[in-house]
Amino acid sequence: MNFLSDNAYGVLPEILSALTAAAEGTAASYGSDDLSHRLEARLTAVFETPVAAFAVISGTAANALALATLCPPHGAIFCHVEAHIAVDECAAPEFFTHGAKLVGIEGTDGKITPEGLIRALSHFLKGFVHHPQPAVLSLSQPTECGTLYKPEEIAALSAIARAHGMKVHMDGARFGNALVSLGSSAADVSWRAGVDVLSFGATKNGAMGAEAVVFFAPADASDFAYRRKKAGHLVSKMRFVSAQLVAYLADDLWLRAAQTANGLAAKLAGGFSKIAGVKVVHTVDANEVFLRLPTALAQRLRDEGAQFYDWGPPEDGLTVIRLVTSFATPPQDVERFLALARGE
Amino acid sequence: MNFLSDNAYGVLPEILSALTAAAEGTAASYGSDDLSHRLEARLTAVFETPVAAFAVISGTAANALALATLCPPHGAIFCHVEAHIAVDECAAPEFFTHGAKLVGIEGTDGKITPEGLIRALSHFLKGFVHHPQPAVLSLSQPTECGTLYKPEEIAALSAIARAHGMKVHMDGARFGNALVSLGSSAADVSWRAGVDVLSFGATKNGAMGAEAVVFFAPADASDFAYRRKKAGHLVSKMRFVSAQLVAYLADDLWLRAAQTANGLAAKLAGGFSKIAGVKVVHTVDANEVFLRLPTALAQRLRDEGAQFYDWGPPEDGLTVIRLVTSFATPPQDVERFLALARGE
Amino acid sequence: MNFLSDNAYGVLPEILSALTAAAEGTAASYGSDDLSHRLEARLTAVFETPVAAFAVISGTAANALALATLCPPHGAIFCHVEAHIAVDECAAPEFFTHGAKLVGIEGTDGKITPEGLIRALSHFLKGFVHHPQPAVLSLSQPTECGTLYKPEEIAALSAIARAHGMKVHMDGARFGNALVSLGSSAADVSWRAGVDVLSFGATKNGAMGAEAVVFFAPADASDFAYRRKKAGHLVSKMRFVSAQLVAYLADDLWLRAAQTANGLAAKLAGGFSKIAGVKVVHTVDANEVFLRLPTALAQRLRDEGAQFYDWGPPEDGLTVIRLVTSFATPPQDVERFLALARGE
Amino acid sequence: MNFLSDNAYGVLPEILSALTAAAEGTAASYGSDDLSHRLEARLTAVFETPVAAFAVISGTAANALALATLCPPHGAIFCHVEAHIAVDECAAPEFFTHGAKLVGIEGTDGKITPEGLIRALSHFLKGFVHHPQPAVLSLSQPTECGTLYKPEEIAALSAIARAHGMKVHMDGARFGNALVSLGSSAADVSWRAGVDVLSFGATKNGAMGAEAVVFFAPADASDFAYRRKKAGHLVSKMRFVSAQLVAYLADDLWLRAAQTANGLAAKLAGGFSKIAGVKVVHTVDANEVFLRLPTALAQRLRDEGAQFYDWGPPEDGLTVIRLVTSFATPPQDVERFLALARGE
C-alpha cells in the first residue's frame, strides 16, 4: 500500500518496450536522432499548434530551464507560495536564472486568484531598478493541493500576466492527470488559455525519467538548447529519453494511465468521505488526496503497512496526510486501505 | 560502419535486463532506494576504499558538479587546452562554479606535463586577489586524443597540484577503456595516484544514461547532494540510473565491454598502420583512433557508408579523422572498413 | 524641505577634508594603502574585538557580499518580509550567492520575533535536499520601519539561529542612528549579541559613498577579498573610500551626525503626535518617521515644497508617508514642515 | 619616483572642486540627479552620437557589466590572451555573464590580428550546442602592452566580429591616453570603427573613482540599469560619481591630463632608447613604457627609491619592467629616474 508518490511506481510496459527497441543499432547522439525529431512532431499534434519541444530527465530541470529561458536575472517569477518551484527544488530557479526573485502568492487550495496576483504585482514597480521586474507567472496544474485550474481561470490569470508584460509558465508535472480530469483538450488548458511554456511531465505517470519542455511560441525557445547543454541536461543517448515520451504519447497511453490514477484517487476520496471523523481537505481533481484524520488512525494505517506522507505536523489529535495514486497502484491496495480505515 | 562515437551505440543487454527488473514494484524515490545504496557499496569495493558516490545522467553533469564542489567561484581549474570540459560542454563548469576560470594547458597527445602545469601555475599568484586562485587540476583519462596517463604520470601531476593547494579531478568518461588498457587497478589509476574525485562514465561503454561522481575523500562531497538537486540532476526514479551502474559493475561487465571496444580500436590501428599514406596520429591506448589520411580516401570511405568525424579541416590533401569503437561495434564493420581502406 | 532620504544630502565637511588630504601624493592601490589599514584598526577599536573589515561603495554591495560569504548556493537566508535585501536590491543576494533562497518573515514594526523565526524554520528540513538549508539570519538595524532591536532581542534571535547552524548578518545601513538611540556600545549591539557580520553603513550618515563589511570572526572572511574583487567592488584608489570611513569614525563624528539626524526625527514625531488626525505609525527609534495622515494634508505639504515618499497607496482618504532626517537636514526645515502641517 | 601605476596618484584639482560643489544641498539619489543627466549629454557631445551612458566606480565593474549586457551565459568573449578582463579581474566577466567563456587570442604587442581572430573563431561552430557561441569581441585600447589599435585596425576586427554576429566591446581604462596619442576623434576610435560599447575610464587619468559604460546603440543597454543595481553598483549618492566625470570631460581636462601622462612616457622612452643595454620592448603609444634592462640596473633604480613593477621573472640577467606615468607624475621624477639610469 504505497501512496507516498506516483514516482514510487515503476514504468509502463509500453515504455519499457520502447526502450528495448531503441537500444537496437546505432543512432545520432545528443538529440539528433529520429525519435527525438518525432517527439516534436508528436507534441505538435497533441497540442494542435507547432511547438518547440525539448526532452529532459527531471521536472526540476524542466521547470528551471523553462523559467530561465523566459526570465532575465533581474526578473521576478510569481507563483503560489507552496508551488514546487518555490519550496521543493532547492531554489533551482534562482540558480538557473542567475538570481531572479520568486514571489510567493497565498491562495486557498493551492490556487492563485486574479486578486492575489494583482496584489502581488502592486509591490513591483515597472522600470524601478530596485525591484526585480515581473517576468513570469508560473502556475502548477494540478496544484500542490491536487486541485485544478479551469481553462477560463488560467486565461484570466494569463491576461493579467500579459498586461504586465509577463510570460506564463505551467508546471505540468502531472499534466496528464489534469487533462483527463478536466476533459479539455491539451491546447485548451495550455496555449489557448495563454500559457507560453509547459513543463510536460511523464515520469510520475509511467515514464522512467522523461519530461518535455514545450514552447508554444517557438521563438521563445531560441536559447533553450544552449541552456540545456550548459546545465548538463543534454544527454548523449537522447533517443532513450525521447523514446519514452514518444511511447507515452502513442495511442493515448498517457491519458489512459492518468485515468487509472485519477480513478483510484476518486475511489479513495469517495470512500473516505463516508468515514466519520475523516475530512477530505481539498477537492480531489486529479490523483492526489489530502485527508485530515485522527492521528491515531493514521498511525494505525501505517502499522498495517500503508505508506504515505504527513502534510504538516499533527494538531489537536488530527493529522493531514497526502495519498497519491498512480498508473500502477494496485486497485486492491486502495480497497484494502479503505477497509482498514473503516476498521474492517 | 558507425565510428562516430561510442555513444552512437545502444545498451548492453545486461543493463536492459536490470532496468526491466528495477521497474517491478515500488521503491523509494530520489536516491533513497536499495539500488542506489548498493551502488555506493559496489564502487567502494571496486576502488578498495570508502567512497561517496552519486549517480547522474550525463558526463557534463558529472564533471561540472564535481568541479563546482571542489572549486570556489574565485578559483581556477587547470586542464588540457583541448579537454572536454574546456571545449565541448558549452562552458558548463563556468556556470556551475559561478564563474571559475578554466586555464588551458598545451601538451602533445592531449596530455599535460609537469612542466606545462608548473608554467601555467606561474601566472597565478597565491593570495593575489586579481588572479583566480588555483583550485583544481582536471585530467582526462583517456585524453581527448585517446591516449592515457600512466599511474606514475598522474601521481607526478597530482603532487604538483597538491603542493599548490589544489584538488585533482579526473574526467573518466571512458574510464573503463583506460583501465583495461593500463592493466592497473581502479585504485591505482585514481586515488592512489592522487585523484580526489572521478567522473566515472558508463554511458559510452554500454549504459543507457548513467555516470557516477566518485569522491575518494567523502568529506569533500559534503554539499554535492544539494548541488545535484539544485541543478535538476536528482531524478525522482533514481533507481533506474543506479540499476544501470550496479549492473555495469557486476561480473566485470564494464571491463569486458571496454576490452571489446579497445580490441576493435587496436585492430583498426594495426590495420591502418600497414596502409601506405595513412598515419596513426596518436598512440591508440583505448578505443579511439586518430588517422591522418588522404582527403580523397576519407571521402571514398564515407561514400561506402562509413561514418566518422573529421578532426579539423583538410590541409594539403590530407585530413585527420577520428574513429571510435564501442562495446557493440560489429567486428565485421571493422574488417570491412579496413578492407575498403586497402582498396579491396 | 527634503525628507525623501538621508542619502539626498551631501557630505560631512570633515569627510570632504579627508578626501582632499588623501588626494595628495601617491599611495598603494587596491586597498594596500595606509588609510585602508588604519580603517581595520579603527573598527577593531570601535567594536572592542579584532575584526576583518572591508570597504565597499554601496549598501547593496555590503549586504550581498557579506551574505554570499556566509551562505552557500543551496542555503536559505531568513529576513523580515520587508527587509531591504528582500525588496529593494533587485535580488542582489540571489545573484551574489548563486541562487540562495530569501525567506521573508512577517512581523510588526519591521521586526522578526523568535516565534516568527521558529515558524519559518519549521518549513526547512535539515539535510532534506529538496529544501534550501538555513544558513543566515539577516536583521536590519534599524528596521525598514525605523524601529530598533534591543541587544537582548538580537541575542534571542541569534541564539535560535545558532541552534540551527546559521550565521547572523546585520544590515546596519543606519547603524550609527541605531547606536546613539540605544545608548549601547557598538559591541553590545553586534557581536556580543551574536552578530557574525555587519554591513556598517556610512553613506546615509554623511559619507560620500562608503560602507564597511565587518566580520567579527575574521576566519569567516576568508574568501571575502576575492568575492569583492570578482564583483568589481575592489576599487583601485581604495584610499578614498577608506579615508571617508576613517574620518567618519574619528572623534565620534559618526555618532554626532547620527544624533543630529535622530534629534530632528524625534522633533518631527513629537510635533506630529500633537496634530489631530495624524498618527505616528511606528515608534521613532532612529531617523525615520512614518505618519498616517489625510491624503489631502500630504498633498498640501507637497504643494508647499516638501519632499517625501508615500509608503503605500492612499486608503480611505489617508496616506502613510515616510520622513527621513539626516546629519544635514536644516532644523528650520523641520520647524517649517511642522508649522505647515499645523496649518500655520 | 612612483611608476607603479597611474592609479597610485591622486585626483585632479578640478575634480576635487567638483566634488566639493556637488556636496552642497540635496539631490535626487540613485542617478536621478542633474549631474548624472548631464553626464549622458556630455558624452553624447564627446562621441558625436546619442549614447546611453552609465557611471560606475571601477573598471572591472564597467567591463563585466558591459560584457554581461551583450553576452548571454552560453556566449564566448574573444580577447587578447593577456587582456585585463582575462587575467586581472579574478574572472569577473565569467561571474557577471553567468558562465560565458573567455577565449584568449595570442598576438604581439598585446594586439589581436584579423588572422588571429579568424583562427580563434574557427574553433566555435555556429549553432553547435557543445560550443559557447561567439558573442563579443573585446579590445583593450590601449592594450596591456601600452600599444594602440589604429581606427582602421579596429574597423577591420569589428567587421570580422560583425560578420560572425558578434558585438564589439572596448576596454578603455586609459581611453584618454589612447585618444590624444592617435589624434583621432573619440567617435573615430569607437563607434565609427564598429565599437558597440566602451568602458570609458577616468580613474587612472585623474578621477577619484569613476568610469562610464557608454553604449553607442542605446537599445543594447536595455537591461544595463538592472544589472548595475543587482551587482551593487548603483550608488545612492551617484551625483558624486557623475560629478567627477562631468568635470573630467569639461574644458578638455581629460585630454590635457592624458597629454601630460603621455608626454612623460615619451620622455622616458626617448631617454631609455639612448641608454646602452636597455631596450624599449613595445612601441610607447600612450603612458606605459616596457623596458628590458639588466636586472642589476633595475635593482639599483629601486635602491634609489624608484617604484615600478617587474613584468615577468628575470631571465639571463635581464628583467622586463613596466613604467606608468600619470597626469600627476612629477616631471622631475622622470628626469631623476633617467639620470639615475644613465648612472649620473
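Letters A, B, C and D mark the chains as written, and numbering starts fresh at 1 in each.
Criterion: contacts are C-beta pairs under 8 Å (C-beta built on N, C-alpha and C of every residue); 3 or more make two chains touch, one makes a residue touch a chain.
It should be emphasised that the depicted structure is a prediction, and the values quoted were computed from it without experimental measurement.
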Chain B and chain A - chains in contact with each: C, D
C-D, B-D or B-C - pair sharing over half of the A-B contact pairs: C-D
Pair joined by the larger number of C-beta contacts - C-D, A-C: C-D
Whole-Å gap between the CA centroids of chain A and chain C: 41
Inter-chain centre distance, chain A versus chain D - centres from mean C-alpha coordinates, in Å: 50
Distance between chain centroids, defined by C-alpha means - chain C, chain D (Å): 34
In chain B, residues with contacts to at least two other chains: 73-74, 89-92, 95-96, 98-99, 129-130, 226, 229-230, 234
In the complex, chain B residues that touch chain C: 30, 72-74, 98-99, 129-130, 133, 223, 225-230, 234
Complex contacts: residues of chain C adjacent to chain D: 2, 4-5, 7-11, 16, 19-20, 22-29, 56-65, 89-92, 95-96, 203-204, 208-209, 226, 229-237, 240-241
Contact set on chain A toward chain C in their complex: 73-74, 76, 87-92, 94-102, 122-123, 129-132, 313
